[in-house]
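First, the structure itself, so that you have it in front of you.
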Amino acid sequence: MTQPKLRLGMVGGGQGAFIGAIHRMAARLDDRFTLMAGAFSSDPARAEASGATLGIDPARSYASFATMATAEAARADGIDAVAIVTPNHLHAPAATAFLTAGIHVICDKPLAHRLEDAERLVETTLRSDRLLLVTYNYSGYAMVRYARALVAAGVLGDLRISQTEYAQEWLNQPLEQSGHKQAAWRTDPTQAGLGGCLGDIGTHAFHLTEFVTGQRVEALAADLSTFGPGRILDDNAHILLRFAGGARGMLWASQVAPGQKNGLRLRLYGTLGGLEWHQENPDALDVTLFGQPTQRLTRGGPTLPGLDIPAPPSRLPAGHPEGYLEGFATLYSDAADAILAHRAGERSVSTVLPTVADGVRGLRFIQTAVTSAQQDTLWLAL
Amino acid sequence: MTQPKLRLGMVGGGQGAFIGAIHRMAARLDDRFTLMAGAFSSDPARAEASGATLGIDPARSYASFATMATAEAARADGIDAVAIVTPNHLHAPAATAFLTAGIHVICDKPLAHRLEDAERLVETTLRSDRLLLVTYNYSGYAMVRYARALVAAGVLGDLRISQTEYAQEWLNQPLEQSGHKQAAWRTDPTQAGLGGCLGDIGTHAFHLTEFVTGQRVEALAADLSTFGPGRILDDNAHILLRFAGGARGMLWASQVAPGQKNGLRLRLYGTLGGLEWHQENPDALDVTLFGQPTQRLTRGGPTLPGLDIPAPPSRLPAGHPEGYLEGFATLYSDAADAILAHRAGERSVSTVLPTVADGVRGLRFIQTAVTSAQQDTLWLAL
Amino acid sequence: MTQPKLRLGMVGGGQGAFIGAIHRMAARLDDRFTLMAGAFSSDPARAEASGATLGIDPARSYASFATMATAEAARADGIDAVAIVTPNHLHAPAATAFLTAGIHVICDKPLAHRLEDAERLVETTLRSDRLLLVTYNYSGYAMVRYARALVAAGVLGDLRISQTEYAQEWLNQPLEQSGHKQAAWRTDPTQAGLGGCLGDIGTHAFHLTEFVTGQRVEALAADLSTFGPGRILDDNAHILLRFAGGARGMLWASQVAPGQKNGLRLRLYGTLGGLEWHQENPDALDVTLFGQPTQRLTRGGPTLPGLDIPAPPSRLPAGHPEGYLEGFATLYSDAADAILAHRAGERSVSTVLPTVADGVRGLRFIQTAVTSAQQDTLWLAL
Amino acid sequence: MTQPKLRLGMVGGGQGAFIGAIHRMAARLDDRFTLMAGAFSSDPARAEASGATLGIDPARSYASFATMATAEAARADGIDAVAIVTPNHLHAPAATAFLTAGIHVICDKPLAHRLEDAERLVETTLRSDRLLLVTYNYSGYAMVRYARALVAAGVLGDLRISQTEYAQEWLNQPLEQSGHKQAAWRTDPTQAGLGGCLGDIGTHAFHLTEFVTGQRVEALAADLSTFGPGRILDDNAHILLRFAGGARGMLWASQVAPGQKNGLRLRLYGTLGGLEWHQENPDALDVTLFGQPTQRLTRGGPTLPGLDIPAPPSRLPAGHPEGYLEGFATLYSDAADAILAHRAGERSVSTVLPTVADGVRGLRFIQTAVTSAQQDTLWLAL
């Protein structure tokens, strides 16, 4: 049976943007959404030009997200959901506008600029009876989902150690001083928030850690650095973690690590086994049951023998690599399912889909890390 | 400036098919095509059901490709191009129907069932003044394109050795005897043609070899095996190659190699350097200039220092993996460019885009290998 | 010209021991030492049996190291040097005995049981006018030496980040409770000292970090865990580092990480580049000059173009793997050189050879980490 | 109980030689042999100087192997075995001299210069009642031994496909024209024999293939190339194989492949599974049981669950890499065992130890490949 296609709007993502184009490809891949409307830039001329390039009906290419929310809510064929892909400081106001207008929101991470903004969105979301989803896209990778299921099934035993890292090189030089738009807003506290590297990629690493372990980090102790000359926000974060269940961990995030492209890695060790996953080779998951050889699991390939864990989402046979866009697209397809279920009256959301609660958690992570670092790596509850 | 979206039709690719869904995702990814019509199965009921599932206007969901070609050619809003994704024996008749109707054709490989059918398509294509493109999709990978450019620029010096392999495991057991649709037609000479593994994956390996080296294989000597019990066509091919320029090579294709998922690899060695590429990690290309350390080039990352070779096509920054669908989508985007250029009067096609000539070459490869193997690995010109 | 072979003695390393056999193979590999005498066990019967198995003249197979030091010093053909390979608590007394007797000492790490014992050895060594070398054997690997030279030459620019880890799995279960001799003494504070995992492998990781960076860690903050049931000492250490030059680092050591065999890794990042080395593939060193592709350097292979850094020590051509024993043997060969130079009047020691100062540094690392952990991860100077 | 040390002599291996030093380190590593005598060069002055450097008693440093064989046989403390490490054309005469003198022979590969010389050694060996062992040293690697045991135990089912390759880069340029001693004799038919790359490394690849599969190659078809300008012998070999048991294979050997250091790899595929081993990472063996994830076995680590195959020889725990010298040393230790067993009356030799029969097989491989290539890749029995 054919599934109805959903109507999608977008805030941000105009010319010169990065993540907007990715959201559009991700939304398109599984054919669950059609992009119908947008406020693609806070600059009206750029917004209009971007809409035209994207083939959007000019009547639905708006100069501001506020106008867009009102206008789309009023249309019979108005959008079902909006993707918010602006710099961080606009996430909360835009999300609020659309939720209040009764439109589901798919928001890029971090959910907001400041923790209090994120927290306010919990109440706003609840009141709106709409979905607020956050694109912690790495949780959409098939083998990340499978890793989470393995841990939940007890394959690793009791978790003891978590080692997460997310390292990049691209801010190794102060690009923000030479007009690089992506670098500029990410290193500007008024647009990015309290965290630099922490907010941009640290939140991904933190979400991945809690997502796969299925456990809450209950305290952290952070040492933050700012290596780029003239930079205000952190560009390197060294963080120790303590989990509610007794496990200990490390989290390293950096944007000044030459040789590291997009090095998000997770390694977990428990009483019975360990696992290792690396974003740059996302279809693979190495699992060791203590006392046995390491097994390399592959998306689409054989799963761990003797266990009854369903295979993770997969579009292609093993050996035909799925990549970043496919993982991202899985979140969009999950969002489509969730929106259709909501329409049918369902009010609980799939446990694998990051919601406003995860968004708040990300902001709390940033704020706690910054505070800990200011107090000389003090352990703080989270 | 916005590019016009093209209207796409499809022949084959209904329920239970594999490659059709991939063509649809690939065509959709870069937003250059909209699927408008189809003859999704030779079984009318399945064709209709498939069209409905895909959200195709029932009036444009046809029971046969012949009807479809005529009807679409007659519509003002008829399709610009058709994707042919049937079993091999239907490629040539379907392509002929659409070309004759004045519709561009994007055909899966191998181009035809038999060499003579492929050869006839050369004339048909010429007469039609339409494009016939063949989806040797692995040539769409960014680093494959870059490898080709490196070789063309003389970075390896004079080519001496080519080692190509394409190994899979999925036909290790005789799936075709237990109702596996994909296995069934691929092992059936009446649908697949002369080659089993040769046609299904050997042609990819052969195309990749000539594509990257930029050289013609002028002779081959083959040893073909059929290991699967009850199987008629080859499921393992060992082939020696001689190139026009004096290089020598090996090509191994197998579908009975446990542990190999989709192991397409190319290694080239010349007087000045060597390179290595592996489809399961497609964003990487290892290049060695003799006397220097091996350099790992990455899609989106730094290119080889001191050379003025343009970076290959790329949607994402380095470290954000692009996979099989992205490589395939590049062919579709190239096809869209070629169709628009054709509409504008251009009659030559980008040299990286596989056309009917490449399709014929693939069939000649299959037939020559089969003949050589029948004559005890005799060297035969190609 | 042929080099005189040196006469070696050994304390510890009898039947059931692990590291003694390794020292013997390492000492033998480059033919610079002949094992002539030993006190192979604190158990006289086992000492005698071990000496016999090793083909040692019974007159020179001693029941105690004290007797051995006196007797060997009195012989005209007495040993030139002694290797001390006992559990940690015997290192200092044995080293003292031999130094005092005028015999050079090659001591396994950590140098002593407690920091104060190590510190006392500084004075003892000075007074003795003999060499006290410590087998931080990982610093003998060719590519570790080369990495150190690269950093010293400024190839990475100013160091910003250091990520060191040393992870094993072998103490994942409480082997010490089932009669495993190696596990027993390493987890027993009276034999091992203050550190468990810290002393056994953390000291290696720490030495490697300072050795390759050429910088002192000036402060650390530690979180230590003891996961093994009934265990007293740490079996997992999470440590933050601050370097004198402004760099920041992480050091992770663990013996309860299933899947990790002997996972000692070092990654360094500076303003101009980064490098990565992994002990389980010791012949390789990945170096990235920011803005260029990553280069894989190989022992015996081409070095970094454009730099005048001498190739590291190497016995075999590239691609013929050297392993753990070869790295260890390099320390022994360096020791032989140092002893011969000492004999010729030279009193300074090669900067790459770990001496008593490095040994003290290792103990200070252990004690500081333990103290920091007891004070809730307080930053402490080192 | 202590094992008696054996007395070793050496023919060849003087100053400027490569493989001699390796044999000496390998013989020394496990302390089973003492080098006592030698005829280290065919140049008397160099022979004498080499002996002095090696610390050999001048009375036992001979100017010719013939003198040495006679003299050592006459001594009460004469050598037990001789290592022959000359260029190929001297292997057979030297081996004959020592066997005839009643001294066991450990000969480098290939066993002789020409097949007929190798065949004559079968009779000579038999008559001598002494051992003639051939150092196909790659068969000494632990995981190669384990792979052989897995195949013998039926873990892969019936063998279908064998892919062996041995690729190097070092003869990419004509080093033999600029006084490179190693290159000079290896490319000179009067010293090397019929095969260039074939003899130097192809024989290793061939032995490894038959050793691990436990099957005889019954026919081959070869395409040989000589790329180096002015070179006479092959420097690249492409060979198709047919096994007695019905399997098919490819063997590629090359010394002109830039980027390849010492790339000896073996991959086997059978009805039930596949395996992969690579000499540059010799402690690992990847095994796939069809339908299960690939398992990475590690020397010293867990073996394949559910099978009762003894762990292979190992000196070090998992993760502490053993390399080329350790694999080579295993052959020497096996040789020591065999010599002691022979002394005790045993006349059969361990099946894993390469003997004169393997040596003959290697020469037959070279000659058959050369003949096949001369007849345009004709299949020839072997």
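Order of writing sets the chain letters: A, B, C and D. Residues in each chain are counted from 1.
Everything that follows uses one rule, which is that a contact is a pair of C-beta atoms (placed from the backbone, for glycine too) under 8 Å apart; a residue touches a chain by one contact, two chains touch by 3 or more.
Keep in mind it's a predicted model, so treat the numbers as computed, not measured.
Chains that touch both chain A and chain B: C, D. Ranked by how far their CA centres sit from the centre of chain C, the chains are topped by B. Annotation: 43 Å between the Cα-based centres of chain A and chain C. Look at where the CA atoms of chain C average out and do the same for chain D: the two points lie 35 Å apart. For the pair chain B and chain C, the distance between mean C-alpha positions equals 55 Å.
Chain D has residues 260, 287, 294, 298, 301 in contact with two or more other chains. Across the complex, chain C meets chain D through its residues 1-2, 5, 18, 21-22, 24-25, 28-31, 52-55, 168, 170, 260-263, 279-283, 298, 300-301, 315-326. Taken in their complex, chain D has these residues touching chain A: 287, 291-298, 301-305. Of all residues in chain B, those touching chain D in their complex are 156, 160-161, 163, 165, 169, 172-173, 221, 223, 225, 227, 236, 238, 240, 242, 248-250, 252, 254, 256-260, 267, 269-276, 286-290, 294, 376-377, 379.
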